[in-house]
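This report concerns only the one structure given below.
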Amino acid sequence: MSIRERLSGNEASAIAMKQINPDVVAAFPITPSTEIPQYFSTFVSNGTVNTEFIAVESEHSAMSACIGAEAAGSRAMTATSSNGLALMWEMIHIASSLRLPIVMPLVNRAISGPLNIHNDHSDAMGIRDSGWIMLFSENNQEAYDNLIMAHRIAEHKDVMLPLTVCQDGFITSHSIENIELIEDDKVKQFVGTYNPEHYLLNAKEPIAVGPMDLQAYLFEHKAQEADAMRNAKKVILDVAKDFEKLTGRKYSLFEEYKLDDADIAIVCMNSTAGTTKDVVDNLRNQGIKAGLLKIRVFRPFPAEEIAKALENCKAVAVLDKAEGLNACGGPLFTDVTSGMYVNNLNIPTISYIYGIGGRDVTTKHIESVYKDLIEISNTSKVNNPYRYLGLRRGDK
Amino acid sequence: MSIRERLSGNEASAIAMKQINPDVVAAFPITPSTEIPQYFSTFVSNGTVNTEFIAVESEHSAMSACIGAEAAGSRAMTATSSNGLALMWEMIHIASSLRLPIVMPLVNRAISGPLNIHNDHSDAMGIRDSGWIMLFSENNQEAYDNLIMAHRIAEHKDVMLPLTVCQDGFITSHSIENIELIEDDKVKQFVGTYNPEHYLLNAKEPIAVGPMDLQAYLFEHKAQEADAMRNAKKVILDVAKDFEKLTGRKYSLFEEYKLDDADIAIVCMNSTAGTTKDVVDNLRNQGIKAGLLKIRVFRPFPAEEIAKALENCKAVAVLDKAEGLNACGGPLFTDVTSGMYVNNLNIPTISYIYGIGGRDVTTKHIESVYKDLIEISNTSKVNNPYRYLGLRRGDK
Amino acid sequence: MSIRERLSGNEASAIAMKQINPDVVAAFPITPSTEIPQYFSTFVSNGTVNTEFIAVESEHSAMSACIGAEAAGSRAMTATSSNGLALMWEMIHIASSLRLPIVMPLVNRAISGPLNIHNDHSDAMGIRDSGWIMLFSENNQEAYDNLIMAHRIAEHKDVMLPLTVCQDGFITSHSIENIELIEDDKVKQFVGTYNPEHYLLNAKEPIAVGPMDLQAYLFEHKAQEADAMRNAKKVILDVAKDFEKLTGRKYSLFEEYKLDDADIAIVCMNSTAGTTKDVVDNLRNQGIKAGLLKIRVFRPFPAEEIAKALENCKAVAVLDKAEGLNACGGPLFTDVTSGMYVNNLNIPTISYIYGIGGRDVTTKHIESVYKDLIEISNTSKVNNPYRYLGLRRGDK
Amino acid sequence: MSIRERLSGNEASAIAMKQINPDVVAAFPITPSTEIPQYFSTFVSNGTVNTEFIAVESEHSAMSACIGAEAAGSRAMTATSSNGLALMWEMIHIASSLRLPIVMPLVNRAISGPLNIHNDHSDAMGIRDSGWIMLFSENNQEAYDNLIMAHRIAEHKDVMLPLTVCQDGFITSHSIENIELIEDDKVKQFVGTYNPEHYLLNAKEPIAVGPMDLQAYLFEHKAQEADAMRNAKKVILDVAKDFEKLTGRKYSLFEEYKLDDADIAIVCMNSTAGTTKDVVDNLRNQGIKAGLLKIRVFRPFPAEEIAKALENCKAVAVLDKAEGLNACGGPLFTDVTSGMYVNNLNIPTISYIYGIGGRDVTTKHIESVYKDLIEISNTSKVNNPYRYLGLRRGDK
């Protein structure tokens, strides 16, 4: 029997970490993820977990400590947001290239500057090429479930990559919602123990970690890392199947909400999906065939699967909670359309930048997108594929 | 009369900086860009320039000092590579979002780990969403010319964004090639003086820089930043026209090399374009209609213009000197194909990852790509759109 | 029944810390004290102690963390040597002025530069005015015993000052000698629990720690701190009495070795006292009335008591394992002679600088000092009161 | 002809530095010395000096940069106060032991904690054994004059030690007083150029600076450093003679103010001497033979010369603007009485701690000391040799 609770997204994440009971947590506080290490440190203090908590002096050190701990052969976790991630950016790449399956909740917040503590996805987008598996979460339940599945994915011998679980800062991290928790022993059994093949504290196999890797080898190592990222897709799905058996909750690479027969569809991530579902339901009641594709697995990017899921749509909108600043559209839009290109689609597709720096996103905004899509699907003409939603100026 | 010289790419960059004579240079040394601040500091010591050289204690501080200097109203420059860029990553975003037209040579080197000091573009790719204008350079001449044009672009009132000039570490940074330098006084006249509209040291207009920017305003500021990035395209072209008048050397958003009537084309950046031109010439001699599109302006990304330039090709290869690690292809490939999608193209296009960590790229490799493209253009069938070039395994 | 063991001085210190079982240990490794936190961290790992071990990123942070922990109401310890102490020097003063009874083993090593990892007392001398109680230890037994007594002294309500226990780097820290340990439960009972009167985590009494303390109050606070230092003398003696009851081992402010009827005496600290005792025994066998005054309590400095103990001597040598670099003699010599002045003595007294940077000190050296003293006591004439012992040049 | 001006002590120091025109200044601001690098940096900006100004990121770096610059063969200066000095404490010892004649104004301020920005001498006392020559200054004129003489002393081949010039924070650093400046060209000629015998940038003599210096040599190097400190006395006097020829202003190791025939005398340093002179004048008017010994050269400590100067007094008070926290008296008191002991004096001498944390010191306080001394000289009995002046409690 699962446990019904009311928790914020941060609490849910901290409880997942408690149930995972990692060997090492090294963290430095930053809004809005501060609560995660804060809650977790009380578990350490109370002896609820066996974790070594390392109170590091910066986020650069937090990731460095996790790297050392994982290389030594232990499970290490941290949590951060925004400029915390920015300060550990150098080490983010070292974690993945050393193939260390560190798991990190990332509570998404706008990257400075100017200083803003509220939600958008500009922090997450900044590490999308860094070799980390990236899972996004609509709500506290998904943030929790993704963390429970994380180590099984990251530590899989075909993967061995770090993994981050994203959720929207304040919107889900600080909102209290209903949640179903899994019993501690079941989590323990599901997650299993970490048995790395190679690790520094293995006295029987002395190894070096992180030496010079010049022209003769780095390419091959990077290709192996890319293979691992491709491999992750299958592993993610396999783990999801096991998770479904345990909980009845079904996860895939993305969620298709009334997408089967949809004429118009929105692609988005995290909490906006919830708002969108409500709009889809209303539109369906009006006889409009609206659908939603909610990305769960952003890295590896399931381009082919997304293209397939969208192939019968007449117009698609991709919602990015981060400015691409590339003069072409948001990063998710670029990924989706590139994937559609490779998979020979030719559906009018629009990039909407929205919700930057915590700007509210309401059902009205989402309705306006679907309205745009209806118009486009009628004419098959796109006047401007790079649009804003909720911006205070003429664009929209 | 221009000055004929033989210089390495680093020397050429340092000389450009000398002729620009910025108010402030703040830099921390890292291979392979170390020589740039090193040469420049001798200009400071010898009184050849009026620049205040700040010997900072990390790259994070280097960019911070540039931010302070630019905000104060002066021209500030730095130079870096790889993990130097990684350590300043937090401040990179602050520089652009505060709309400070800092100019920085970036001598491209693989991002760690494992540790590798040689060339690829993984460092540059890591800041492609950060609001910096990014120019790439095939050789020392282009690295020099791009720097001479940089401030005119970055400081333009419609732009006001930082700008980085990339070149390939060691391959061009340390190779000595012929170059034509512009006379000092002509550079001085061309670059002009910096007259910021708003700056901290303006006693007549007290302002704050970098305060809180919460939900009510950040979105608008980011949209303005995105506008500025879009505006940069026209400014870049205008500056290039003036530059052509001065030097006879013609620059655009990208270089089309025998692309007009090409059936097959490669898209690439930096020094590989030189190798590719040689192969194109050979293929043309054999009657094969091969062409090259060499990206000069990577940010803002000229998606539409690229699509137009490639529209008559039968097969295209996009060469990425960085693993996307997204399971789909390299970052340049993603940008190009997304742009082709938006612009309604449907040409078989392949992603090739190559040259990682300094792996040699020879004419043989490039020839093999064109051979692939010929095959694809014949069949219009793509077996695997995500390929490797020069990797020691079965893929290629 | 005590426990007979063979331990190095570092092991003995670590075991004392284990038996004390402090709430917090924050330490950064530096030769030759590294072993202390190293051994201790294994006790933490094994659950032998309840201590929170904070793996800080510098010695400045080590002392800062101890300050925070003590201010919060817990017992905090660290250990260091030489430049580790130098880097925490700023915080050393804050610890004492905030009246936080932190206890710290200090394994004495020469302060750089040039770089030297061996023993002298130049590190300890650098904090002699900082408001720390300073105990010196001839051997592993005394290092252990001093630590067991430390908290009773430091935390006494009339004292409330931090305390450091010194021993000679390598000479005693790494030499294995016989030792008598006290049983764990007896230590626990002897040391007792820490019940601070005022502390940050006391929810019933909200306080601020370390605010501005300007002209109106700092003087009074410093005078209270000086009072506390004076009060410490009595407390140290009281605790020693209790310790004697527990162990039979007798401690005072200093040890008088055959000093009662001595004509000539050496004053010294730490391991040199052992060598000197051997020489005293030999000289006594020859009918020479040689004696030794071994300082245990260097701060508070027992000037009056020392003067009284030496009042019948005809010549005294003060051995300093640190250059005063003041043109007058070693710091211990200055303290002793100042105290003799205040107490109206007029005995020929010589400063010997010796053992700097780990220079060997043998019985021959000590014999030569007594020989000098015999000569001086005969003539009552001092040619040069500032001498060297074991220096490779004409002086001696 | 000298230049008559009205300047604060900080301005006077900055102007001395301007006239000295050192090769390198590396500084980090801290109250109350901030103005010195601030004024100086404007001289750099305006091209008034040829100095390389290094805007370091901490005081630890400030001293490190000075060490590097001096080792390279240039003249380097910095300025600091209180916790700035505390943070550079590690490097302070490296500067002197590498025999680098760095010159540093030290504007005395209480060492934290608790936090206090006002004057006492606790910062200076903390480096009195570190191998730095220490000159104290009653007023802006002396702060200026001491700096003009500094390099001649520090760089003398018999000395080669760093030197600090102290003055009282705010009391003289921020008070504007009359001053006589020396003409620039005369200062230039007086100070001369720096021609180090050994330096890193001497291509003809490759040397290493700061390598390992273990048991076999450190003692000899420290003894040489101590010799240098002793040698400094003569050099200081020689330089003072030359300075007198230039300016007519006479300096010695200390100033004797109506001390020749004094029965009672105060020994003190810095600005308190001015207050004391006023009291001495008043007492002399009353027929009381009061005198003053104002220490100028605190390191090397002129113990013998002081003893000789005081030998005919009947009672002496030593005023310390720093708590010794050793249970015996202030550090200057310890030095003076130790010196009197060695030189066979037997005069009642009292330690007064005063002025801590900026507590006002008025003529009334000084009068009360002389009153005490009169009483003591009558009875030759000292009830309490460790007293406070201006403290708000029963002591005085």
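By letter and in written order, the chains are A, B, C and D; residue numbering begins at 1 in each of them.
Just so it is clear, a residue touches a chain if its C-beta (ideal position, glycine included) is under 8 Å from a C-beta of that chain, and two chains touch if they have at least 3 such contacts.
Small disclaimer: the values here were computed from a predicted structure and weren't measured.
If you take subunit A and subunit B together, no chain is in touch with both. Taking the mean of C-alpha positions as each chain's centre, the chain lying farthest from the centre of subunit A is D. Taking the mean of the C-alpha atoms as each chain's centre, subunit C and subunit D sit 29 Å apart. Note: centroid distance subunit B to subunit D, computed from Cα atoms, is 55 Å. In this assembly, the C-alpha centroid of subunit A lies 61 Å from the C-alpha centroid of subunit D. Contacts with at least two other chains are made by no residue of subunit D.
Taken pairwise by the contact criterion, the protein chains form one closed cycle in which every chain touches exactly two others. The full set of touching chain pairs reads A-B, A-C, B-D, C-D. Residues 83, 86-87, 89-90, 93-94, 96-98, 110-118, 122, 125-126, 128-131, 210-215, 217-223, 225-226, 229-230, 232-233, 299-303, 322-329, 331, 333-335, 337-342, 344-346, 349, 353, 355-360, 385, 388, 390-393, 395 of subunit C are the ones that touch subunit D when the two sit in their complex.
By the touch rule above, subunit D contacts subunit B in their complex via residues 54-57, 61, 65.
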